[in-house]
Amino acid sequence: MGQTTEETQANADSVCLLETNIDDAGGELVGSVTEKLFKHGALDVFSTPIYMKRSRPAVQISVICKVEDAQLLEQILFREGLTFGVRRQILQRSKLAREFVTVETEFGKIRIKTGTLDGKIVNAKPEFSDCVSAAKKHNVAVKAVLDAAMAAYRRKF
Amino acid sequence: MGQTTEETQANADSVCLLETNIDDAGGELVGSVTEKLFKHGALDVFSTPIYMKRSRPAVQISVICKVEDAQLLEQILFREGLTFGVRRQILQRSKLAREFVTVETEFGKIRIKTGTLDGKIVNAKPEFSDCVSAAKKHNVAVKAVLDAAMAAYRRKF
Amino acid sequence: MGQTTEETQANADSVCLLETNIDDAGGELVGSVTEKLFKHGALDVFSTPIYMKRSRPAVQISVICKVEDAQLLEQILFREGLTFGVRRQILQRSKLAREFVTVETEFGKIRIKTGTLDGKIVNAKPEFSDCVSAAKKHNVAVKAVLDAAMAAYRRKF
Amino acid sequence: MGQTTEETQANADSVCLLETNIDDAGGELVGSVTEKLFKHGALDVFSTPIYMKRSRPAVQISVICKVEDAQLLEQILFREGLTFGVRRQILQRSKLAREFVTVETEFGKIRIKTGTLDGKIVNAKPEFSDCVSAAKKHNVAVKAVLDAAMAAYRRKF
Amino acid sequence: MGQTTEETQANADSVCLLETNIDDAGGELVGSVTEKLFKHGALDVFSTPIYMKRSRPAVQISVICKVEDAQLLEQILFREGLTFGVRRQILQRSKLAREFVTVETEFGKIRIKTGTLDGKIVNAKPEFSDCVSAAKKHNVAVKAVLDAAMAAYRRKF
Amino acid sequence: MGQTTEETQANADSVCLLETNIDDAGGELVGSVTEKLFKHGALDVFSTPIYMKRSRPAVQISVICKVEDAQLLEQILFREGLTFGVRRQILQRSKLAREFVTVETEFGKIRIKTGTLDGKIVNAKPEFSDCVSAAKKHNVAVKAVLDAAMAAYRRKF
C-alpha cells in the first residue's frame, strides 16, 4: 500500500489555447468533435455557453494543447466543418509535481493522485476511473468508493 | 408631464410554459424561431444553456404564453423543425398593476412603466425602446437617457 | 432505400420531471450518475448551471422519466450520495409521430428519423450514431455524413 | 463522538417554486435581494443564466419556499423593485431523513449531516460552516478539514 | 448555379480581444450596446454568463476586432456607461479561405459560404439571412430552406 | 454635497489573469476559496460555467490580480486543494479615471463613483454598499436608495 508508481517534477511550461465560437452547429456535432480532439492529443477540451447577436445561443470551444500540436488540432476543427476561424494564444502554466500512490480499500486497490508544492503534498484525489470500476464490481455508489479511498489515504499519510 | 396613459389592475392569472431541449440545431435557427414565436403571441421566450449526455452543449427553449395560445406556439416549434417533443405545464402568475406615465427630459418625452402593489407604487422603469430612440436622436448614451428619465420621474412622484 | 423500419403514433402523454441542486459534489460524480440514470430508464437527463448563495457555482440536475420510473430514479439520486432532497412534478408532453427511413449514401446506409404532424412530415434528422459510425469507417468528417444523409433523404422525399 | 444531535423523519412534502426573469437589474441588486429572501424564510434561492430577446443576457431567479411563505416572498420580489411579474407552482419534494453526528478530528469537533433511506445511511457530509471555522482557527485549507472529517466519520460508522 | 461571387485567401492574422465584466447594468443595456459595437466595426461581440462575488450573476462582454479598431470600441464601452475598466489582448487567428457560390433551390437563389483548406473545400454553409428571407417569401420553415440549399450545393459540388 | 474624496488618474496598466478548470470540487469549496483570494489581494475573482468531457459540469475560476501578486494567489489555488494546474497570462487594462463624490439623499449621504474619459464624466454609479446600509437603516428597498442617489447626483452635476 502506498507505493509510488509515477513521479513528475513540479514545473512551469507553455501551452496553446485554441478558441472558436460555434453558433451554426448542433451540440451533437460539438460533442463528437470533442472526442476526436482528445484522441489527437488535446490536453483538455471544454465548452462555454455564450450569447451571440440576434438571440443566438452558442458555445465557445476551448482546446488546450502542447504548442507543437496546435496546428494539427486546429486543422481538425476546420476539417470537421465546425468553424471558419480559430483564435490562438500561448499561455504559461504552473503544475504541481504529481505522484500516484495506491491504497487498499474494502473495494480493492485505488490509485490516488497527489500533488506536491515545495516538498509538501497539498492535494490528493482518487483516480475517478478506478472508483467507477470498483463501484461497478462491488455494486456500490461511486461516492462510497471515493470516500473509502480518501479515508485509506489519510490513514497512511 | 406625468399623465396616465394606460391602467391595468393588479391580478393573478394562469400562463402556459412550453419547454423543449435542443441539441441538434444551431443557435442561428434558435434565434430565428424565437422571433417567430414572439410574432405569434408568445408573452416571453428565453433560452437556458444546459448540458446533455456525451459532452453535448444544448439549450432549453422556454415559451411563456396564454393558455389559449399554447397549441399554436407548440406547433411552430414543431413546424420549424426545432424538436420532436415539447413539455407543457400551467403556472400561476402574479402581476403588479401597471400604469404608464410620461416624463419630460432634456432628451424629450420618455414613458415610465410603474407597478403598483396594494395601492403603492413599488417599481418604476423607463420604457427601454423610448430611451434607445431618444439616445439615437440626441447622439448620447442610452444610459444617459435612462438616468435622466428616472431623475425626472423622481422629481415628479 | 426509404423503407419504414419503425412507426409511432403522434400523441400526448405525461412525464415526470425530477430536479435537484448540487453544490457539494464535483462534476465527475455528476457525469457518472448521469450515465447510471440513463441505464435505469431515464428518458433524458440534463444539467443546468446555476448560482447558489455565497458565490457557490452549482448545477441543477433534471431527469425526465416515465411516471412509473420516478421512484426508482429518485432513489438512484439518493443512493449515489448526490443529494438530500429531490423535487418532482408531472408535465404534459406532445410528441411528433416518429418514423425511421433508411437512405443510401456514398458512406453507406444511414437511418433518418422523421417527425409527422397532421399527416405531414415536419422534421427529419439523420441518426447521429449512424453518422458517427460511417464517418469512422470512411475516415471523413461526421458533418460530411450528416450532409450526405440529408441530401439523400431530400432526393427521395 | 458520534452522538445524535437532531433527528428528522424521511418524508415527502410540497414546496412552492417562485420564478421571475430579470433583464433590467444589475447583478449587485439580485445578490442583495437574494440575501433578503433567505432572511425571510426562503428554503433555497438560486439564479440561472438565461438568454432573452435582442441579445439580452438575463437571469431567472428561483425561490423555493414553504407554501405558506410564498406570498410574503413574492411581495419581497415586488417591493425590492426586481420585477413586474412572478410565476408560481407547487412541487412535490422527497427528502432523506437527516441526522447530525459529531466527530473528533485533529482540527476539533465537526458535525456530519447524514441522510437515511429505508433505514440505511446513504449520504454523509461535513457541515461546511464547521469546516470553514476550523480551517481558519488552525490555519489550514478547508479541504483538509473536509477530508479529515469524512475520514473520522468513516472510522466510526 | 455555382458561380463565384467573392474570394478570399486563407490566411492568419492578429485580432484584438476586449473583455469587461458587467454586474451593475441590466441585460437590456448590454443588448443595446452590443448592436452599437457591431455598427462601429466589431468583428464579433458575445457575452458569457459568469458568477461574481456575493451571489452576483454577471456577464463578461467579449469584443473581437481589428487591432486598429480596439481603441474606438473600448471608448464605446466606456462612453455608454457600461464599465470602469476594459481588459485587452492580441490573439492570433487562422481563417479558412472563404468563397461564396450561389445555388438554385425551389425557394430561389441562396448563397453558400465555403471554406477551403489546402485547396480542398472543408466547410460549406448557407447564408442564414438568405434562408430567412426565402422562408418568409415562401412561407416555409427556415430549416426547410437551409436543407434545400445544402442539398442543391451537394448535387453540384 | 458633491465634495471630492478620492482621485485617480485615467491610465492603462497590466494585470495578470490566472485560470483553472474545476470538475472535482463542489461549489461550496469554490465559494470559500474565492473569499480567500479576495483577502489576499485579488482584484477580481469570477467563475464561468463550462462543459467538460463525459457529461461533467464544471467551472473555470478566473483571478485578475496585479502581476506581483500572481504567484501568491496561484499558491492559494494550489494549497487549498482546488487544482493541479493553473494557466497564466498578462493582459493590458484601460481604466477610467475614478473620483468619488458624496450626495445627500432622503436616506442620508451616499458616495457616487464617477469615471472620467478625456476630461468628461462618462459613468457614475452609487456605491452599492452605501445603498445597502442606508436601505437597512431606513427599511426601504435598496433600489429606492440607488434611484434616490442617482437623482441627487444628477441634480448637482
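Observations
In this document, chain identifiers A, B, C, D, E and F correspond to the written order of the chains, with residue numbering beginning at 1 in each.
Following the convention adopted for this analysis, a residue touches a chain if its C-beta (ideal position, glycine included) is under 8 Å from a C-beta of that chain, and two chains touch if they have at least 3 such contacts.
Please read all numbers here as calculations on a predicted model, not as lab measurements.
Among the other chains, the CA centroid farthest from that of subunit D is the one of E.
Each chain gets a centre from the mean of its Cα atoms; for subunit C and subunit D, those two points are 30 Å apart.
Our note on geometry: subunit B versus subunit E, Cα centroid distance of 25 Å, whole angstroms.
In subunit C, 24-25, 28, 32, 34-35, 47-49, 51-55, 57-59, 79, 81-82, 89, 122-124, 128, 141, 143 are the positions where the chain touches two or more neighbouring chains simultaneously.
Chain contacts here are complete: no pair of chains fails to touch.
Within the complex formed with subunit E, the residues of subunit F that make contact are 15, 17, 34-35, 38, 44-49, 59, 62, 64, 89, 91-96, 98, 113, 115, 117, 122-125, 128. Of all the residues in subunit E, the ones that touch subunit C in their complex are 49, 51-55, 57, 122-123, 141, 143, 147-148, 150-151, 154-155. Listing the residues of subunit E that touch subunit D in their complex gives 22-28, 30-32, 34-35, 47, 49, 52, 54-59. Here subunit E touches subunit B in the complex through residues 25, 28-29, 32-33, 49, 79-82, 128, 132, 141-144, 146, going by the rule given at the top.
Subunit D contributes residues 19, 21, 24, 48-53, 58, 60, 74-75, 78-79, 81-89 to its touches with subunit B in the complex.
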